[in-house]
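Note that subunit A is present in both complexes that follow, paired respectively with subunit B and with subunit C.
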Partner chain A sequence: MAVLEEPIKGVPVVKNFINGEWVESKGELKDIVNPAKYETIAKVPISTKEEVNTAVEAAQEAFPDWRRTTPLARVRCLFRLKELLEEHFEELSRIQTQEHGKTIDESRGETRRGIEQVEVATGIPSLMMGYNLEDIATGIDEYLIRQPVGVFGVIPAFNFPFMIPLWFAPYATATGNCVVIKPSSEDPLSQIRLTELADEAGFPPGVWNIVNGGRTVTNALLDHPDIKGIGFIGSTRVARDVIYKRCGETGKRVIAQASAKCYMVIMPDCVVGRTIPALMTSFFGNTGQRCLSGSVLCVVGDDAFYNRFMDDVADAASKIIIGYGLDEAVQMGPLRDKEKKERIMGDIESGLKEGTKARLDGRKNFKIRGDYPDTCFLGPSILENATADMRVAQEEIFGPVMTVVRAKNLDEAIEMANSTRYGNASAIFTSSGKNAREFQYRIESGNVGINIGIVAPMAFFPFSGMKDSFFGTLHSQGQECIRFFTESKVVIQRWL
Partner chain B sequence: MRMNTASEAISFSKKLEDESAKFYQNLAQRYAEGKEIFLSFARENAKNEVQVERAYYGVITDAIEGCYSFAGIDTDNYSIEVELPEGKGYSDALSMAIAVEEKIVSYYLDAAKVSKALMADVPQAFERIAKKRNERILKLKSLLKGG
Partner chain C sequence: MANVTRTRRVHCALRHINAFITEYEDGGHKVKCGLSRTCGDSCPYLKNPNYKSEYRSAPEYKPKEES
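Take a look at the complex of A and B:
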């Protein structure tokens, strides 16, 4: 099969989009590298605080008119955006592969997930409705209306460069707010293309803004008094110690989704043939750079089942085709950059020092399909003989590493899974409804899978992390997100 | 070549539909007696392609096993012969068309079988197309008998 054509040609310099105009930044330029080829494909500016302030001012100025625009008129922009995203589906997907490294199937999956957010947000005229009660006392009625809040900052992570901003921006704008998005400086190109399409869809100047950069931009958004709330995806350290804390100090509302350590519990009655592909996708999909990735495989059962099952897992993992994601045959792409690769190699080493055994060591003996440098590539790793208290079973690795623990029974498996400080996602693979219900009931995890490897909620459900995987009250996506982006105003009315 | 990913399966479907559409267009030019039916097959191929792409692009998400859904399918087993040598008669053309259709049906059914639990709408689209193509085989066989 063919290697698909790359959409990004030359080395474009990325601009900011402020008040409906593409403007050059005064900030320093940083290379954006295609991790499969390890070559520069664009340059992104590290914008200044003043540039953020200009964007926030533009958004603040656009807000009064935008909030007065009827919900129906607002969502017409989103309907147009949805059509444009469908029209450019393949281009957007290939950009993600080029800038991030994920496989083309994964990129298309990301594009679809992003579009679904826009689709749900087009329902705002219904979804944003309040409620009312006649005669709370004789002749007195009470009702609740939802109103937009103002300007929001969106600070996404590198691992889903296209989709994550869409967890926020469509809902924010559909409810009448304005946004300033800071794309990940590692892979902002699909966000830039998305913004070009948002502009074409007819959002008025100032409603949808992009400021590229790093910490300076993040800090400026956190500090700005006109930013009413922040949507953030990243590590627990930053989510808790920087974003959540500073939003508390400055009175901003916040959704901060953070790190994870997702347990995949295997019961002896699982359907092995169906479970293996789900595990390959879960642990090694997106090269393990996903907060919903399986990280710990917890196998329940006797030695005979364990050995048989792990033989199948190792066999499947060793056959994964590694290479450039635009090659349609490839099942796992590179890590986003070489620093991430080095850090993950260190995590594998420290896991081995803790006493695990490498059934597969992704640092060596893997083959890259095609002629690409191995700079950012790692093979899948399987570390057996782990115990739940080891660092490799407790801390996020964010790479293609499967840590394997064993449990005597479901009770012990749930106890182990609940021992991590994270609570993003967990799954059980079983044919027993009783086991599944018990797991669902007791597991401390915001997203629960039953025979599902990637427990990614659809756009009309909240992305429900808990424990150290989430900081805030309301989650992104769906109804919760609409509440996040609106103020509830209660009116009590009596006509004399 | 052994396939694994959904992207490969969709591209291979497209290749089969394109190649067989060209084959039927060629037959339509060469055999006036079957022109209408051959052209209708070629038009239907274009629709099949759209159906498959819609199913795939509509359902593909990171939650399903897109990179692992078609493991075990070897495209070499489904390559089709679409060059009809000069001088061959109408009945030879019909026989060749039947062979092409049987190969394509077997691809769609085998691919649907392996991906059934993993790719939701795609195997359903494959099965629908296989059904339509089985109807074609019956039509082609009746033409062959009639000829």
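Take a look at the complex of A and C:
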């Protein structure tokens, strides 16, 4: 299988997209590094508060005309965008691999999941409809209409640089709102290309804006009185202490999706042959940098089952092909940057100090396919002998590390899984419907998998989450997202 | 015109979508896919209706023989 050509050449300087124009930022420039080669591929500005204000003003100015544009006309831009995304599918996917490090197959999957958001949002003329009832009293009718709210800020995470902004922007714009997106400053390039295509798709100036940067941009969006709501994906610390809190103080709507610690519960009656590959992509796919990644493997059963099962898990994990994601044979890419690698190495070390035993230690003894520096690479790690109260079983690692705990039975497994403060996703692997139902019923998790390793809801279902994995009321994607981006207005009428 | 022998659904690993292959008695085949126009000649199923990507997202699992 071939090493594919890189789409980003030279070292371009990223611009902001404000009011339908690409404009240079006055902010300082930061390097965007391809983590597999550890070389700079672009420079991104850390934009100023004034630049955010200009973007919000442009969006606010565009809003009255955009909201009066018919829903059918609005979604024509999305139909065109969908076509353009299909035409540039491979280019967009390769950009993600180059800027983030994930494998090309993972990038293609991400591009597809992003396009699906656009496809679902094209249904707005139906999805946005209200409802009515005649004769709520004699001669009086009542109906509900949904109206757009204004300008929204979108602050996505680095781990899915292309897809996450699409959890929000298509729904926001299709319902008649305008957006200001702050792409992750670690990997903004696929988002820049997406915005070029959105521009080509016909969105009028000011409806879809991009302001690059870091904390200054986030704070400016949170402080701006014309920003009516924020869509955020990131850590629990920022989601709870910054985004949710400040949105509360400034009266903004908020969807803040946060950290996770996903339990994968293995019952002795699982179909082992289907479970092992699912676990590999769950724990080690996207190099573990996924809020839906398996993080704790909880094995139920006796020693004989455990030993046989874990031999197979370790054997499969040790065979994962590591390298540059544009090499089509590679199954796991590098981490996004060396700071993340160092943090995860520290987490592995602290797990060992807590008393776990490394069946596989990803810090050493892994091979990189091809001639690439090991700066951001880590192999898969498996830490056995963990207990549910250990830090490695409680706190998010966000890397290719499998912490293994054992439970006597399903009750104990559910209890352990519910002991974490997070509630993003959990899964059970079993061939028993009774076990599956019990798990689904009692698990404290917004997304539940039954024989599914990556519990990612499709675009027409909400991306749920609970406990410390989610702050807000309505979730991204699907109908909940449409409610988030619209105000419900109830009209009661009597004609005399 | 040759008769259809079967139509089957395939998963295109390049686009992460489903497509349909219709096979005919005379050995010919047609690809039915919503992205045919976008992909054009680069569609691997046009040349080979039995195309299978070599890529595996995880190592293949082979259960050990019971001793």
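Following the convention adopted for this analysis, the second predicted complex is superposed on the first by the 496 of 496 C-alpha atoms of A that agree within 3 Å, B and C clash if a C-alpha of one lies under 4 Å from a C-alpha of the other, contacts with A are read in each partner's own complex, and residues count from 1 in each chain.
Please note the rule applied: a residue touches a chain if its C-beta (ideal position, glycine included) is under 8 Å from a C-beta of that chain, and two chains touch if they have at least 3 such contacts.
No experiment lies behind these values; they were computed from the predicted model shown.
The superposed arrangement places subunit B and subunit C in clashing positions on subunit A. Shared-chain residue A:117: touches no atom of subunit B or subunit C. Within the superposed three-chain model, A:109 lies in touch with subunit B and with subunit C [touch as defined at top]. In the superposed model, A:87 lies in contact with subunit C only, and not with subunit B.
In the superposition on chain A, contact is made by A:285 with both subunit B and subunit C.
Look at A:312: by the touch rule set out above, it reaches subunit C but stays clear of subunit B. In the superposed model, A:277 makes contact with both subunit B and subunit C.
In the superposition on chain A, contact is made by A:331 with both subunit B and subunit C. In summary, superposing the two complexes on chain A brings one listed stretch of subunit B into steric overlap with subunit C, and the stretch in question is 60-68; the others among 24-32, 60-68, 78-86 or 96-104 show no clashing C-alpha atoms.
Subunit A residues 1, 89, 103, 105-106, 108-109, 112, 277, 280-281, 285, 321, 328-329, 331 lie at the interface with subunit B in one structure and with subunit C in the other.
Interface residues of subunit B facing subunit A in the complex, by the touch rule stated above, are 1, 3-8, 11-12, 57-69, 71, 117-118.
If you check the complex, the residues on subunit A that touch subunit C are 1, 83, 86-87, 89-90, 103, 105-106, 108-109, 111-112, 272-273, 276-277, 280-281, 284-285, 311-312, 316, 319-321, 328-329, 331.
On the side of subunit C, the complex with subunit A involves touching residues 13-17, 35, 38, 54-61, 63-64. Partner subunit B is touched in their complex by these residues of subunit A: 1-2, 89, 103-106, 108-110, 112-113, 274, 277-278, 280-281, 285-286, 290, 321, 328-332, 452-456.
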